[in-house]
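Lettered A, B, C and D in written order, each chain numbered from 1.
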């Protein structure tokens, strides 16, 4: 074993090997390298490294003559990566090794001091947490955009009647606004879950080292603050073993996609010839390579399908973690592609859904027409009988009988002659008959949260306030102190707060 | 169609049928009935019904002469169900039909007025929400109990050394307290997720009707308050279609079980002949039907396996919801068995884990012995060289060379003669050599969150505070106003707050 | 430790404990006992035990005076279990312990010799394999019944026209027979997978002991033959660790359920007011507790939802096995509830689907009407132009233009005046115009496997042959030799072949 | 709408649009394009297109003057794609559109005739089937290679003793060969499943058109034969809707990876300091960026983790298909990335596992040493007592008592003085004592499939035969007739068989 010269530069991108006589089998290298996918983390690792180096400098672990070239070198790399003039490439085992290698090529010996008081275990985790938080914010904003489309459409359609469905059977008259707002509230809950995942990812693991902390006088709270992370790890072993922030994020994405799949299913249904509640604008539909007459709701179908993918990502992540002993195990390397995919899918799907929602050409006449012939106000008949003293169960049975009568006669409920109606419903009267039109039915649904236009307008206000809350949340997330210091070129000497 | 007599009692447990000429095929009945599993909801549906009836009475929808027997009848049923003197049975299609049928048998005609202004869609959802919240609380408490076991063990072992592992390879000395606390923090996050799921389940859907609200002058905020639910649905269509509270709860259970599986894996490892860090007390181990010498960690293995089950439950629930159009669809009936199973598994696993953790007979001598021979302080050597001015990468290489040297010589790192060590590490000195024992290494890990005993004692305080926060949360959840009124027998005339 | 008297009877249902001073914690007992669910295996374990005892007797390991009471006692228990006069109950840790305990209570000392040369590891596995094979056969037969319903409906509807859909958009005319047969072929593949899983489960593990075989002169091939299992384990460690037969079966169930969910989705669509291709007979539909007019396709929705459950079961099983070292681990105990649920769900869903399919009241007039207005024969126009020398891409564009023209004019394609059509499609002629009716289009789809009635009739023959093949498979599975010997009361002295 | 000139070339890669006024929204285009991932299908689509064109020519649907340039142009593209001189690029919506566009650029008008009598629905499916079959074969071969490594190691270690484990507790002595062969048999079953999936994928959908077949006189059996596919679709609707071949393949991959995860877990355990049954060669291990002494089994950990990924892929695929009505829906586009990932992971993992298995430096002394101190022959004692007339249960208890005695005395079972042993086991004798060494125990496990060396040598012969069967299967899969004709440059005029 030769003692290496302290000035000797790292020649490969491997951060270890002092004890290894033979180099890695190429097939094993290909199998274990994460560079093809973790290169996405380059920007985040560079920010993490900047914060780490700055803290080491502040704490006196790195002298000025090492800290200056390191901060300068990392900043240069970050600039070049963001401008596109520096691309991740090479045979390194991961993006962290690549960064250290390139830094060494650029600044020489000081680069060999950067890894002081950290390990790849905490280094990777902090980069991934920063990445996840950024991507969550993008999803959150995209969700707000989609919510806004729905709110605008809802505002226009507080008086547009269509059937509400249960079991895909026409049930009772509702308004289009009410229907769209039902989707809105699910998406609002999705954004709350994204906010919770964002908070979960906001615990900095930097300073945990491999698993036990470090003897160097570091300040993990300082690196956390520099990186804009509100909390710091309580336990170094936990810090390198924990992936809750990844799994929670994947879950938030999966449930969000499930909600989009429900909307997408309705787009597919509504644009079918059979339902016809909407047509797709040409800009959101596709044609057939064979059938010239086709106009297919492919974006909606794909949206529906994408939910399966994120459910798969979540399953993979939970299964991955199952049965792993403490602390870091290389299985965790598999967390990245799954969470990248879940977040990519989430953001792209939200953007597509917003365009798709905006490309729906609604056919309110068809909607209104669908209120006829299905006896959608039979419940109103029962409810009216209740008001007139009939027990609900009995009223339900009488209304059922009235439906059969109307069906046989080919009439709407409200078209039944009163005396005939009274055969089935002895307590029926003219007022009750008048309450059986779809419009009257809808107006009567005045209970809080109900489908009546007045209630829906109140609900719209609530929805706007909820949306605003979400918008404020994302607006409040600011670039981190280290990022601002980088942008303003004051990484070394000035105070960073 | 015969007009039914208003006095006519419901003879079957079916809440509908006025329009149906033929009764359900027996195979279809068996396939669609939920009574075999939703009977668990009986207590919760009775509470929901009490709140509904009370509100209807307060709002004048139910007159006193109907409300009194209904409230009385429901209270009697609840008492009998809880005492075990009334068992759910029969051929009803679900527990809601069973309750209405039995109520009818007990109080006659007024029972037919109970379903006024509600549908099974909102009725089922509120009962399931109440059930889920109760079960979450049980899980939350069981998690606190397990946490307490770990905290107590940690308090005893702040000076007990053992190797910390990465990649199941001995890495650096840590204390047993630090190791156990790593599990603690994961479980604390689990309880935070359970709290979030509890809050999510706290939105009352009662009053949404089938999907559109109701013309009756109901007060959904009042039923919510009576049931101890802090929020009320904003949109009636959303209220009957949403199952986020189920999926979020299942997710919290699955991730919790994954954490338990990591602990369980360690119990299996630690009690193996090869590791030997612990033996299992007889009360938590099982033997072999064939091999008389065996003592098997079956509870730990089963705990590990149970995680798979809850991942399956979560997958099922997300898949179930995928692509469903608004609003209620019978697919949702499948939510129950999955969430029951996830919550049952979660609670039982937590209770078993607490007993298992308490049944670990730790072998601290074996733990300490495992610190030898693996060069676990090589990082300390590198860190010490860094302090002496060597760049970390170079120090890492030199320490690697020192490891090879010690390995060849069959010595511990700290047993190497200084002059020999200096061949690999020119800047090494006596002080550095003295820093290479496991004890010295451990004491040096003084960074915040690190493994040094002093840091771990601070961490213990944080952990106790976190546990207390959890205990306060569960202590603050009180019986609902309607429950208290039921217990105090003042359901009708006195004010309920 | 007291030396036990050889005559001493086991007093508890525990098969071990010689080395244990303290008995199991009650919470751990509840957590680890499998009796509540593995009691389903009682019949299969008794058969396995009969075969084991008979083989031991044949090989001289059990003397006649032990073998006779054992065989007799086991046969009595099997009779009583099947007649219902003996129910599994008690505090035993599993059904195997229960059987041995009850046998001991019935026949005394010889019962203590039954476990010679086996372990619960191979004992459980063989019982589960027998159970799985039986349940697979039930599913296979239920699938054939459903297939038969579809074939009968197809035979009636080889000339019934309806639109074929892609993207839920009307695409081209097909026949109802063709549509139903598409589902048939998927189900046929499901039965092939069930047959493969049946074969996979047909390897006997009995004789593997705990993991290493046994010194007793046993004959695993003989027990396999007695149990009707065609193959015997090649490796004793593999035999107790393998659960491929469980996972493969769960997969076959899950994919089958996914196929049923596709059919179910169509039932939901077809019975909606909007599509109206079918109505549900009263015996397969359900009503609403609130809305008297409703007729809900609940069995179809539930069928759709059940697929999620089996996907969850499969996920659980795969996740369960992940990362388990050889050989048997108690995690495997979790295989049972998942596979029981998958098989139960599969069989019940198939039976419900057959009743549901038979309860569809098809509305062929609505189907035919749906062929109009959607330009479903535009492809025929393009194809006709191709025959007339136009390149397909050009023909596709011209046909697209013709569709726009017809749409503007409010005409069907075949109603366009030829000279107008020729503006879009210069090579169109009278013959081509005549080929554009739905009927003509359908008749033209004469390519093999195509939708033309003649082709569909040929396909029906293929389908009948495929169904017959499946029926032959299940008919060929006969009771095992040990089962027949049991039924004929000749377990001890006569030859069993 | 302008009538397009028949000579007009397609300018974009879109195969439709005649009816669309506005082009696709860019966000929707990005969301829906499959080109970034389905470009892998280029070679397979070109082969499918060659077969289609050749068949159209044989059937007279394409005249020679169209067929010649088409076949020539496709062959040129295939050559260029395979040589790397033609890369998939551009803005096309999928690889099929790209191929038709490039073909058009190369050969002009005849390219517009290629899509005659097919749709992208059958075109995509046939390309994916061909891809899947190719990739399955690669996995199958890689599995055979890994199996071979195990067989070779087993052949060397038929006499190498180590403990067999249940519950990760030492159970009974086995040989290393027996242990390795247990993994072999699981992998053999995996290859059988891959063969079944290969067969499932061998049904050609080409000729199904969009969903209804075609009026052109095509010959689907001929295209199937040209492509080496042994079967042809029975039903055109089924052909474009079915994805069983994808799901079955994903399942085979997932279960295979689960098996690899079990082997990987053992590599992690065996190379731990605690077990020490093996060391990793430097070429298959990795080091630590922080801890110089570490040698981590990262390839094994990653292998274990990869199983989670394929379980996720399978879950995604099943969930994707759930609830889709007939026939083709764009959700199916999501099948590709999941199955590509599953197959990539499967092949790469198998190759890595083979290198890893070969890089295990086994420590047979450690293995042998692990046989001591754990009373692994207690079962032999019990079995010996049974031979001497003691009922097994009693023998089990006595052996348990002997274990406790030996434990207290600090002796191995076979070191106990006979008179002391007889206190626990009255019928013990010298012969029995002599049977209690690990070697004697192992030799006694002579039952078929047992661990005794003689049995294991027989098993090795079975395993070699099974491996040969697999090798023959993959060797028998030959290039398809169209591929051979392409390679021999005789696509147009000569007979292709």
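Note that in this section a contact is a pair of C-beta atoms (placed from the backbone, for glycine too) under 8 Å apart; a residue touches a chain by one contact, two chains touch by 3 or more.
The model shown is predicted, which means the values in this text are computed figures rather than measured ones.
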item: Of B-D and C-D, pair with higher C-beta contact tally; value: C-D
item: Most remote chain, CA-based centroid, reference being subunit C; value: A
item: Centre-of-Cα separation between subunit C and subunit B, whole angstrom; value: 33
item: Computed distance of Cα centres, subunit D from subunit C, in Å; value: 23
item: Centre distance in Å when subunit B and subunit D are each reduced to the mean of their C-alpha atoms; value: 36
item: Set of subunit A residues in contact with two or more other chains; value: 15-19, 115, 121, 166-168, 171-172, 209-210, 269, 287-296, 298, 301, 304, 307-308, 311, 314-315, 318-319, 322-323, 329-330, 379, 396-397, 399-400, 403
item: Parts of subunit B lying in touch with subunit D, wherever the complex brings them together; value: 166-172, 268-269, 271-275, 287-298, 301, 315, 318-319, 322-323, 370, 373-376, 378-379, 381-382, 396-397, 399-400, 402-403
item: Subunit A partner contacts - residues on subunit D that touch it in the complex; value: 14-25, 27-28, 30-32, 93, 96-97, 115, 118-121, 123, 209-210, 281-296, 298-299, 301-302, 304-309, 311-317, 319-320, 322, 329-334, 337-338, 348-349, 351-352, 355-356, 359
